[in-house]
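The following block contains the structure, expressed as structure tokens.
Naming follows writing order (A, B, C and D), and every chain is counted from residue 1.
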Amino acid sequence: MVVVMAPGATDEDIARVVERVEAVGGEAFVSKGLTRTIIGLVGDIDSFHHLNLRTLAGVADVHRISDPYKLVSRQHHPDRSTVWVDGVPIGPQTFTFMAGPCAVESSEQTLEAAQMAKAAGATILRGGAFKPRTSPYAFQGLGVRGLEILAEVGAATGLPIVTEVVDARDVAVVAEHADMLQIGTRNAQNFGLLQAAGDAGKPVLLKRGFSSTIEEWLMAAEYVAQRGNLDIVLCERGIRTFEPATRNTLDISAVPVVQAASHLPIIVDPSHAAGRRELVVPLSRAAIGVGADGIIVDVHPHPEDALCDGPQALLGSDLRELAAAVRTMPGLLGRADASRLTKVLA
Amino acid sequence: MVVVMAPGATDEDIARVVERVEAVGGEAFVSKGLTRTIIGLVGDIDSFHHLNLRTLAGVADVHRISDPYKLVSRQHHPDRSTVWVDGVPIGPQTFTFMAGPCAVESSEQTLEAAQMAKAAGATILRGGAFKPRTSPYAFQGLGVRGLEILAEVGAATGLPIVTEVVDARDVAVVAEHADMLQIGTRNAQNFGLLQAAGDAGKPVLLKRGFSSTIEEWLMAAEYVAQRGNLDIVLCERGIRTFEPATRNTLDISAVPVVQAASHLPIIVDPSHAAGRRELVVPLSRAAIGVGADGIIVDVHPHPEDALCDGPQALLGSDLRELAAAVRTMPGLLGRADASRLTKVLA
Amino acid sequence: MVVVMAPGATDEDIARVVERVEAVGGEAFVSKGLTRTIIGLVGDIDSFHHLNLRTLAGVADVHRISDPYKLVSRQHHPDRSTVWVDGVPIGPQTFTFMAGPCAVESSEQTLEAAQMAKAAGATILRGGAFKPRTSPYAFQGLGVRGLEILAEVGAATGLPIVTEVVDARDVAVVAEHADMLQIGTRNAQNFGLLQAAGDAGKPVLLKRGFSSTIEEWLMAAEYVAQRGNLDIVLCERGIRTFEPATRNTLDISAVPVVQAASHLPIIVDPSHAAGRRELVVPLSRAAIGVGADGIIVDVHPHPEDALCDGPQALLGSDLRELAAAVRTMPGLLGRADASRLTKVLA
Amino acid sequence: MVVVMAPGATDEDIARVVERVEAVGGEAFVSKGLTRTIIGLVGDIDSFHHLNLRTLAGVADVHRISDPYKLVSRQHHPDRSTVWVDGVPIGPQTFTFMAGPCAVESSEQTLEAAQMAKAAGATILRGGAFKPRTSPYAFQGLGVRGLEILAEVGAATGLPIVTEVVDARDVAVVAEHADMLQIGTRNAQNFGLLQAAGDAGKPVLLKRGFSSTIEEWLMAAEYVAQRGNLDIVLCERGIRTFEPATRNTLDISAVPVVQAASHLPIIVDPSHAAGRRELVVPLSRAAIGVGADGIIVDVHPHPEDALCDGPQALLGSDLRELAAAVRTMPGLLGRADASRLTKVLA
């Protein structure tokens, strides 16, 4: 950390900062300039946080210079990680395609959507049983019945399942049925849920909060990691901005930024970012181009009857176009198709 | 709702919309223009949501025109409500001053802060026992021991207690010790927690999510209200914007906007919005000026030792200046000092 | 400035930074820590900017610690300034009320609006002759004819005139007719216009860009000041955020933040921030409460016929309520009514 | 347009709306519902704007349903346009690579950068002679001398030139030297400059304002188009959001959104969006993937000496990697390399 003293700071002000830092075992390097003094701190940064240096007389500003996250940081773990979901890899060597219905509505609809997804090349099935909805009057999901349907459809199609858990009290039952737990955008800072997911023994798909900075998002991942679970896949799904043309603004730059800062895999959700079907294919191609480790996409056999987010679900020609992109583009950028790698490994 | 058809929509497209609306018991009024047709819908808006009209052929756009929240709306409840917290009113006739430490650290610190708050005119004591922190390595609060301290200090000073609950599993124990449950900004869409708070039988202080629109915030209140609890006080505490000079941007306009849309009381938290002590007094005066029903402010006897948010805690001359503003300004705008009204009522 | 070296920086990397800094006459203080080295720079900050230290090998980050603006900064000019507009003060001792129609439409409408404004206590008349409009198909203002009307109405009512200039080529003609030049929100970084306004010999009302940070805004003021014109009044008028309930989000905190950073006066425009008439009075009261040096408000004798921003123009009972607030509230906060002070001085 | 009446609107309120609409030659279709009445308007939308319907008694809201831009809209011009810059096409059939130094500093540096750009496959040379800078103390560009250097280097390398014009008074001299005029992000709503550029007889590269919505951006293009110049290329260069990891947030979704709404070509500037060299190649690949019509990238022979934006300029291996992507990827998505097409046509 770096402490910047105000122009009028006295020698006593400076001495007080040094004293506090040394009192917790740190070292303080004082550089006196013509108009300002700068103090560099070396030692355990956590102990410095409790000093409240910013509130001391004569202190103008305090800058932090180390990553605030540790377990998920790439600083001490330079190789990017691969997370395995029931035999399917997500990581730097592959491009993983996940698809399925936004919400599980029935066995038939879920099976049909899963078959569409699989035919298009998806290797992991997504689907919502517990739905967080802005309105209490909107469809809230089928709950445990939805989990059972997902598990059945997963078994029937041979696809591992990822589904959202919205409440710490539901983690056990979701972990029982699913191969991967999704934490949604609205729970980006629901720390009890993050910790419970960290304890559940299953990989976690951690969506970015629609208003989380990248640093806050990695701190949320750190909450999961701190419980001993490093099987975390990050998912960029758009942030809240002033632009109304899309539901959220897909922060495509987050992909290389995260890949430089963290060893965790990162995928993209173009469906929820855009909220508009016609943008899903171009944004999926952008995700492949930028170097994402995969995508997760809404598909629905009958979007006009969907109980949730019908306008963004793919079908028909759009899905075929996406399937073609997923088959051809990642290879050009040096990635194997996750479905083929899976087969080789199996 | 209003359905706007695309320029090239056919008569069949239009008929399909009408048919769907009538199938769920609604009425559809078709207005054919030169280039576009507009269809106005009358009936139960919830049933229309399930129709996914936006996905039908020929439909260009769908506009909603009714409030999506009902119980907290002012449409059917024109008089603004007063919420009572253990005998202290929060509502349109009073100006209520809540204060206390950001985090409960010890009996002594909490008692000292409560005495500072009371001496300054505060009639409700705030204090955090469960702290939601961005970093898993930051101080997370004293938990149940913190609740006990708060209850003791509340009893000793005669001040009702408001404290945050961050996990649905903790609602019962928090409700046992506190007079009012606070839902924090990071849990603005933690729907299980909102429902649990609605079931707890205590008034709820619902902070705005730092990225919630006013409409989403009122929908969150609707989740609490739907459980039969209308004792909800809203709290504007700043939103996330591009401006780095303050921690968040206090959306002062939200106060009159909410007062026009909802009957619920609304207060302002200038401490967390600004994150800087020197802004708390001017922003508190702005809150009084704009017509807020109260404020909630961080105070700490020794901010330089605070385990949480020390840089924004008031003390000494700032607190005296705030006390003077709270004593003198609301009366000019036609409000009684809540502390006086409380005494009269007691 | 502070240069933070990367963990793996070599001694040569460090030596190269020091060498470059010394080559331009600066001093570099090196603090070697366990994992990182920090270099504090002392000297002429402008010369350091050209060094591009951030691009050197081994450099992780560079922090700037001095204000980037100089002439408008309060660092070397601790007393807050008062700007006089044809005998009317705007500054820390007064509260100045400016009002008038958004756009000048005719002599009659402008005179009527000016009389409304004056009757309500306004001491400066605002009105737009050149209108920057998002659409080329919207009313663009009366141009020079509008300036003539303003000047006539100003003379008839005895009110100084402030009006917007949108193009550097119009500065001369606007300065000929107006007592104060307004730079609007869309021209916040139109540097040629800022410089031309700085050369014009009239006070400047500099609105904040709706997406300018406070620092960028003060840098824009620095462009005016650099031409020798320090008669600058800043105007907070709302920033662009995700909240759709208001046209922009009034950043009320900007008032005390600017007052701490700059000696220039700052006023608030509640009409353009909100875009809704019913919010103008509460936001004006908030502006007084927060300590603004004045407000500028749209009034119109017949808002339903206004060619520009009719929905936000005040009239009738709202204007009377505002007049009462402007008469009574500033005095409580230690400010004289600018209209009275003007009379005393005259 | 659709007028939504308030629940309590009277028959007279409704009649007044109808009367006003008919008075300007429009038709009004009234749909009376149980709780609300909706009025659909058909006719000349511009005439409706002057009615200020929103301010009439009983009116709750007014929705616009037509595109506010006309000449640049795709509604009446379904085929996407190609703009030619001195023989180089930018449009749906090609992928055009523009590169060059952020600022022209000298003949040598500009020539060296142009040769780097050309060797990497660029077919248009970018370079700044007039630089809009946030600080008046930063390098402002070489002005006319910079234009001369650009023209010489363009002639020497055979590359057409695009350069920014920041002031309407400079349009003539810039148009004399350059093949394409760039309007920068800070001038997104400098309407006088947009009109002057529209009059200049050269193609225009219109960058998105960093806080412009897509609709506002297309309205800015409409200002250029209205002067009879439809040779406009749009450039997405990042928007201002809360995320600090990148200088701006590249709104990659804007590419397909604009392509659906307007017939104008659209390219991407990854250098200014990211502000970080290591993100330029991944973001360029994302731009190709999403279907952009080209990119514009900063290159500099010696970034560590650059007078402007050195940290984002490409060189060496990064530039070779970008060249490879530009050569191979667009073809897979059905586009010709603009450089090859140019040769064929020449």
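Points to keep in mind about this one:
Just so it is clear, a contact is a pair of C-beta atoms (placed from the backbone, for glycine too) under 8 Å apart; a residue touches a chain by one contact, two chains touch by 3 or more.
Just so it is clear, the model here is predicted, and its values are computed rather than measured.
Steps from subunit A to subunit C, taking the shortest chain of touch contacts, total 1.
Counting C-beta pairs in contact, the pair that comes out ahead of the other among B-D and B-C is B-C. Subunit C and subunit D, compared by their mean Cα positions, are separated by 28 Å. Here the spacing of subunit B and subunit D, counted between their Cα centres, is 40 Å.
In this assembly, the C-alpha centroid of subunit B lies 31 Å from the C-alpha centroid of subunit C.
Across the assembly, subunit B contributes 211, 240-242, 244 as residues in contact with two or more other chains.
For subunit B in complex with subunit C, the touching residues are 211, 213-215, 239, 241-246, 249-257, 260, 273-274, 278-279, 282-283, 285-291, 328-329, 332-333.
Here subunit B touches subunit D in the complex through residues 2, 4, 7, 27, 29, 31-36, 38, 40-43, 60-61, 63, 65-66, 75, 240-242, 244, going by the rule given at the top.
Within the complex formed with subunit C, the subunit D residues making contact are 46, 49-50, 52, 54-56, 68-69, 132-139, 166-169, 186-187, 189-192, 210-211, 216, 219, 222-223, 226, 240, 303-307, 310-311.
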